[in-house]
Amino acid sequence: MVKAAATRGDVHAANQSTPLISMRNIRKSFGSVHALQGASVDVHAGEVVALVGDNGAGKSTLVKIMAGVFGFDSGEYSIEGQPAKIASPADATALGIQTVYQDLALCNNLDAVQNLFLGRELTGPAWFGRRIRRAECEVRAREVLTRMRLGQLSLTRPVGAMSGGQRQNIAIARSILWTPKVVIFDEPTAALSHSASEQVSALVRTLANDGLGIVVVSHDIHNFVVNATDRIEVMRLGANVASFKSSEVTGEQVVNAMVGGNEAVNLAG
Amino acid sequence: MANSAAASGDVKRRTFGEVLNSDMRALPVIIGLVALWVFFALQSNVFLTPQNLSNLLVQSTVVGIMAIGLMFVLLVKEIDLSVAAINGVTSVLMAKLVVDYGVSPWLAVTVAIVTGAAIGSFSARWVTFVGVPSFVVTLGLGLALNGLQLVLLPPTARYGLMGTGIDKIAETKISGITSWAALVIGLVAFAALVLSGIARRKRAGLEASLFSRFVLPLGAAAIFGAIVVTILNAHQGIPVVVLIFAILLGIGGYILKETRFGLYLYAVGNNDEAARRAGVKVARIKMAAFAIAGGIAALAGVLGASRALGVGVFSGGGVGGGTLLLESIAATVIGGVSLFGGRGSIHAALLGALVIGTVQNGLNLMGVENYVRLIVTGLLLVLAVSIDKLIEKAMGQQNF
Amino acid sequence: AAHAQDAKKVFFLLPNTTTIRFTSRDAPFFVAAMKEKAPNAQVIVQNGEGDPARQQRLVEDAITQGASVIVLAATDANLAAGSLKAAADAKVPVVLYDHDAVGGKAEAHVVFDSLSVGQAQGKRAAELINAMKKSPVKVARVKGNEGEYGTGQYEKGQNEFLQPLIDSGKVKVVCEQYTQNWDPALAQSFAEDCLTRNGGDVDVFLGMNDGTTGGSVAALISQGAKPGDKLVTGGQDATVEALRYVAQGWQDNSVLKDLKVEATYAADVVASILDGKGVPKDLINGKVNNKFMDVPAVFLPVKNITLDNLSDVVTAGVWTWPEICKGIEDTEVCKKNNK
Amino acid sequence: MANSAAASGDVKRRTFGEVLNSDMRALPVIIGLVALWVFFALQSNVFLTPQNLSNLLVQSTVVGIMAIGLMFVLLVKEIDLSVAAINGVTSVLMAKLVVDYGVSPWLAVTVAIVTGAAIGSFSARWVTFVGVPSFVVTLGLGLALNGLQLVLLPPTARYGLMGTGIDKIAETKISGITSWAALVIGLVAFAALVLSGIARRKRAGLEASLFSRFVLPLGAAAIFGAIVVTILNAHQGIPVVVLIFAILLGIGGYILKETRFGLYLYAVGNNDEAARRAGVKVARIKMAAFAIAGGIAALAGVLGASRALGVGVFSGGGVGGGTLLLESIAATVIGGVSLFGGRGSIHAALLGALVIGTVQNGLNLMGVENYVRLIVTGLLLVLAVSIDKLIEKAMGQQNF
Amino acid sequence: MVKAAATRGDVHAANQSTPLISMRNIRKSFGSVHALQGASVDVHAGEVVALVGDNGAGKSTLVKIMAGVFGFDSGEYSIEGQPAKIASPADATALGIQTVYQDLALCNNLDAVQNLFLGRELTGPAWFGRRIRRAECEVRAREVLTRMRLGQLSLTRPVGAMSGGQRQNIAIARSILWTPKVVIFDEPTAALSHSASEQVSALVRTLANDGLGIVVVSHDIHNFVVNATDRIEVMRLGANVASFKSSEVTGEQVVNAMVGGNEAVNLAG
């Protein structure tokens, strides 16, 4: 993978400012399954934070709590220093948090444009029933897709009829359609081709340089995580076990922390 | 991005199957319907008379209108078994206001519709808040409303509506120049909508073929409309109930195809969790869908009462909803609305109601024995939809 | 709830809610009559809602509650045997009310002879048809719910008068149809389609009750006919709506069954059984074979109401003039009588 | 593999919610049911008498048995609106064979059941081959069968069954020592099944707590069974129809929980494409489900006919299926079976039928006015299920 | 990624034997979308074939045709030299072809054991209704999962409640539960953690060494495809554009072929 050309944000400087998002000691159970047992993460403006961990470590759960999909049992969640008032994904979106979910969360019966704008359509006046301004939406969609080098993607086919990668691309495009403050990517490149993945990592860096806070969940430790992020939070059994500056760590160290190597000390109960 | 051939070929190289899949999704059902018509025209020489076609349309309206409302609920993957009861109880309420309290018909009808919508939104709240399946909530609510209907009725068990003004709705027919004016107004509205969309596309620099997007659909609508108006005029004119049905179809189609709310219905029906994550207020959308179904059911109740010149225990199909409920659901499903949400367009209500209405009307004209009527009705319903499905299959369509 | 322990319980089990007379008239009349004839008895009215299985449960539950007498208007004569057997097994006497119940034991049957209702309808129709110059007279028959006992009896009664006319060529039946559940909306569609089918050339609509005739009237109105254009006959029950149609000239007649009389006779029979005197012999004037036994029957007279004897309804206390004339104050008969 | 805490904690640290979710999924509905019982016991002092409870059980059997069959169809995400018509037409067929042709009752009943199953599998073929929604196929087929029922009936429109032997089914009750023997046989079969499973687990070296897997369920079953038998004996004994219902519940539960076919029903209902890719013959599974529903509907028809001592036009609920159809579907849904496939267990049929039966029986005993009855029936149905859902919610359960 | 320790099968030798699976010139359209426009692939025993291509190139479609999920419009499909008689996935399974689908194709309401054995349960006798031998299934499932180092995975929770990686692991485990002849992996490691991916690539090699034919669709060109496979088929626009021996090619060359660099000559229409 080509390392993003742009310089990274200054991690230390960022850490001293008020974080855009700060989660402390979050716990969350599904019935008897304790998915999160005290997880914490901070995201600052201009920073790319990687969230890594073994399968089932609780990354997606944490991400969904950030995005307002789930509530949490205990812990603190604040946004720009204020306790977050997020009861639903709509609240999170309103606060400028955009999410690319691991399961994509697309409506299979709708086409690309409809999925991209879902929940935030450009519409006509209320007295006319909020008619969707399809033409404007299409132009805008085409712009974003072209920026992602997806100019050829059909805008009118239901996304249920698309390939895995095409669907993932649409989910990513959706998150950057508007100018959010924080973008959360849950395994954004899992289904993407090599070149499309590179597009996405370049995109992530561009967004961070524009001052956004970025959270990326990824299993691509050796290339993406170590090279394209600023900070790495390692999760195990629903809690943080280690935190690294990406520039000061090797892939092996991160992997060791994930599976419980020696340097990871504070193992969750 | 790969497969540009496919992607960019979207407009130019559409196969017949593709066309079917989108704009002309209705075609197979229409073929099924035409098959039914040919069958009955061969069986009865009055079937194709203007008088009969006019009757057929009128006889299909109440079910068709109910089906429009139900569609909204089915689209969001819910069901409303109380629509027939709402139809009954609100029509009785309306009649009571008019007859017992001398309320003006306009006001009484408005009250009925608002009440219907309120009842619908109440079911929706129960469904979304408590999480009880809508099947159970609306089944129970329907029974309760049946009970309420009995309470509202006077000891004579019937309110006659002759001479109250309500009877005028079913009686009035517009003919001659007025009827053509109605058609023209409808076509102009349609054209304006389509043209404004095309203009926007042009301004945005997008492809917008005037022929396939404007000339073709408008021409088809004009020809179809002209035929219908001619036939109806050959009898007595356009019955107001048919006009109301047509207007509701137009508004419904606009809502489903053009507005944000319509889009949300499809989104919620396909994947309510995805819709929720995208910021759609799912509970509110469902509430609106149920409210629309309730309000429309009430309107259908008013029309039914006007046609029957009165209301009674039978209004709304009687306890449990009877034939009215079953036919309304059947009409939507026959028209291609999925019971599993997210699939179906407005023409379903028209076509489904026409299929049901045609079978009944045709068999009445044939004057067959009761048991033959039941058997043939059953088989024709299944066959009409089978034709639809077989054509779809032959075209190799994929559904989502 | 704890009622007086010694009060004897009489269950009056109605067949359905669609034939509204049972709930709105028979039940109150019967309760009132019982109050007079057996003041200590407690009358409980329940409704089978058109579902024979449900009515059977009602019978069983009545027995559980210690019913002394069950007055049964069967939901479906053909599926009542199980109910009768349950009552017989529990030694609870059953009095049949109005409807037949085939295949089980009953003490008595209080009934307007359905056959004579059909005969009254047929006789009136035949008179009117014979008075027409046209031949053949085209008749549409809008019949009741197929398979019901009553429907069969009405048809049989009507045919006694109609069949000779058909045979002689005076009458041609151009449409004939059962009406599912007696639903007036279905009757209306059927009548409309019959008119279409015959190019409007239908002279008589012969119904079986006021619902089916009312449907025919609504059909005529929807097709733009005027009162008297076509003959609508064969009503039954003298509902207020039908009487208004009669007053306006839309409909010719409706058979009046004086439900108060029926309810009162039923109360007499029940009171006598409660007193341990069995069925009063003097009331019995016939028998009905229900394929299990000859049930002693109390047959009651019926009367056909037309424009000429509309006042009989008022005299019998069924309706008042203001009730009948509401909304049609300007008809002749109402101008005359409704002051 | 991460989250071993959660994974390995599966057995030991189950929260109340978790327990509810699996083995004791029925508990909330039972609480709803018990609430209903308390309510009616307070309203009527005969409600809890053995005679009434015995009646209640018998009155719930036909619907309960129909619900067992319907469950199979609902589990695979289809619906069968023709079950009531099958019930009617096969019971008339059975009566015709017995009365007109002197066929032995045993043979006639067998013919009825086989016919019912054949009709069911015919619908399924149509659904899976042509792709017409089962709602439409079974609606149409149901009407056709209603017509056929009229054809099969004699001009008197009735076959009486008294003295034919069929009447014995509803009449017979087993009491005293025999009834206890029946209970013991049932318990022994249950114990044998559970024990063989546990033995296998032990042999395979898997965890198998004798207490939670054997002692608890068997104890509960024994106590529950003993109470039921005692109550029934205090009246007249166990009615054979109740015994049949119990046996069907047992077999149904075994099929759904233990057999491969049962598993396939759930798999197909949840994701038929995944099941197909795994090699499950989806069409065949659906056919079996419909056949079972049809066969069981026929059996319910026989029991209904035996109870009514005859068949007629209204056997099977009359045209359209009437109350019988609606109550059968409602029972399964109230019991927790999803209309969207893949969710529900056998107790749904029992509990759903009991909820409906209780509400009706209780209100009959209260002797309320008809309109009050309708209103209260509706509200109680909704409330009983709402209790279920609210408990589920409070326990924070997740469903799939 | 650590290169699989086992030696590779001899590509040339394998190519001369009758291929286990041979697809020639397969075409397949969905309505107007021409997903495959003459795609070909051979799989020999003991060989790992990589199928690579941009998103929407038609890889999954080809895989699904191999597995009997879709039929095809034209072309030839033969198995061990005989024309394949595959009308349904069940037929493919019966012929020893196992597939891990990109969309996993799991039943969310069933637990891990039930999903693993779906369609091939161990059952009792027919007269007893084919009772599922749950205990045996569980033991067997535990074995396979342990082999994949997933010993801790809950066997009784519905898989719908599991994390993305856990679900993918179950789908993979299912394909190797029985001894198939050919295993097809459609992006098997997309949702897997680093260590789990390494397990899978080791597994792939082990299977090939056992004489199975393996098809792997993957976007991980630089690590997995180039290092752990024997042959690489590159698809573009629904057709093959290049074919490489993995040992003779670099990641860059493969990527170039995918996106239409110079060395890829026979571009599909």
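Chains here go by letter, A, B, C, D and E, matching the order in which they are written, and residues are numbered from 1 within each.
Assume a residue touches a chain if its C-beta (ideal position, glycine included) is under 8 Å from a C-beta of that chain, and two chains touch if they have at least 3 such contacts.
For each chain, UniProt lists the protein as follows: A, E = Sugar ABC transporter ATP-binding protein; B, D = Xylose transport system permease protein XylH.
None of these values were measured; they are calculated from a predicted model.
In the absence of chain D, grouping the other chains by touching gives one piece.
Set against the C-alpha centre of chain D, every other chain centre is closer than that of A. Among the remaining chains, C is positioned farthest from chain E, on the basis of C-alpha centroids.
Between chain A and chain E the centroid-to-centroid distance comes to 29 Å (mean Cα coordinates, whole Å).
Taking each chain's centre as the mean of its C-alpha atoms, chain A lies 73 Å from chain C.
Computed from the mean C-alpha positions, the centre of chain C lies at a distance of 38 Å from the centre of chain D. Our note on geometry: chain A versus chain B, Cα centroid distance of 43 Å, whole angstroms. Within chain B, the positions touching two or more other chains are listed as 1-4, 6, 10, 150, 319, 322-323, 370, 398. Contact of a single residue of chain E with at least two other chains is seen at positions 30, 33, 53-56, 157, 161.
Within chain C, the positions touching two or more other chains are listed as 17, 23, 49-50, 146, 180-181. Interface residues of chain B facing chain C in the complex, by the touch rule stated above, are 44, 46, 49, 51-52, 55, 58-59, 99, 150, 155-158, 160, 162-164, 167, 170-171, 236, 304, 307-310, 312-314, 318-319, 322-323, 360-361, 364-365, 367, 370.
By the touch criterion given at the top, residues 1-4, 6-8, 10, 197, 200-201, 203-206, 254-255, 258-261, 263, 266-267, 269-271, 273-281, 342-343, 398, 400 of chain B touch chain A in their complex. Residue ranges of chain D in contact with chain B, taken from their complex: 77, 79, 126, 130-133, 135-137, 139-148, 150-151, 319-320, 322-323, 326, 329-330, 333-334, 338-340, 370-382, 385-386, 389-390, 392-393.
Every residue of chain E that touches chain D in the complex is listed here, in rising order: 67, 69, 88-90, 93-94, 99, 101, 105-110, 114, 118-121, 123, 129-136, 138-139, 149-154, 156-158, 160-161. Listed in rising order, the residues of chain C touching chain D in the complex are 1-2, 14, 17, 23, 44-47, 49-54, 56-58, 60-62, 64-66, 75-83, 85, 102-104, 146-148, 152, 180-181, 291-292.
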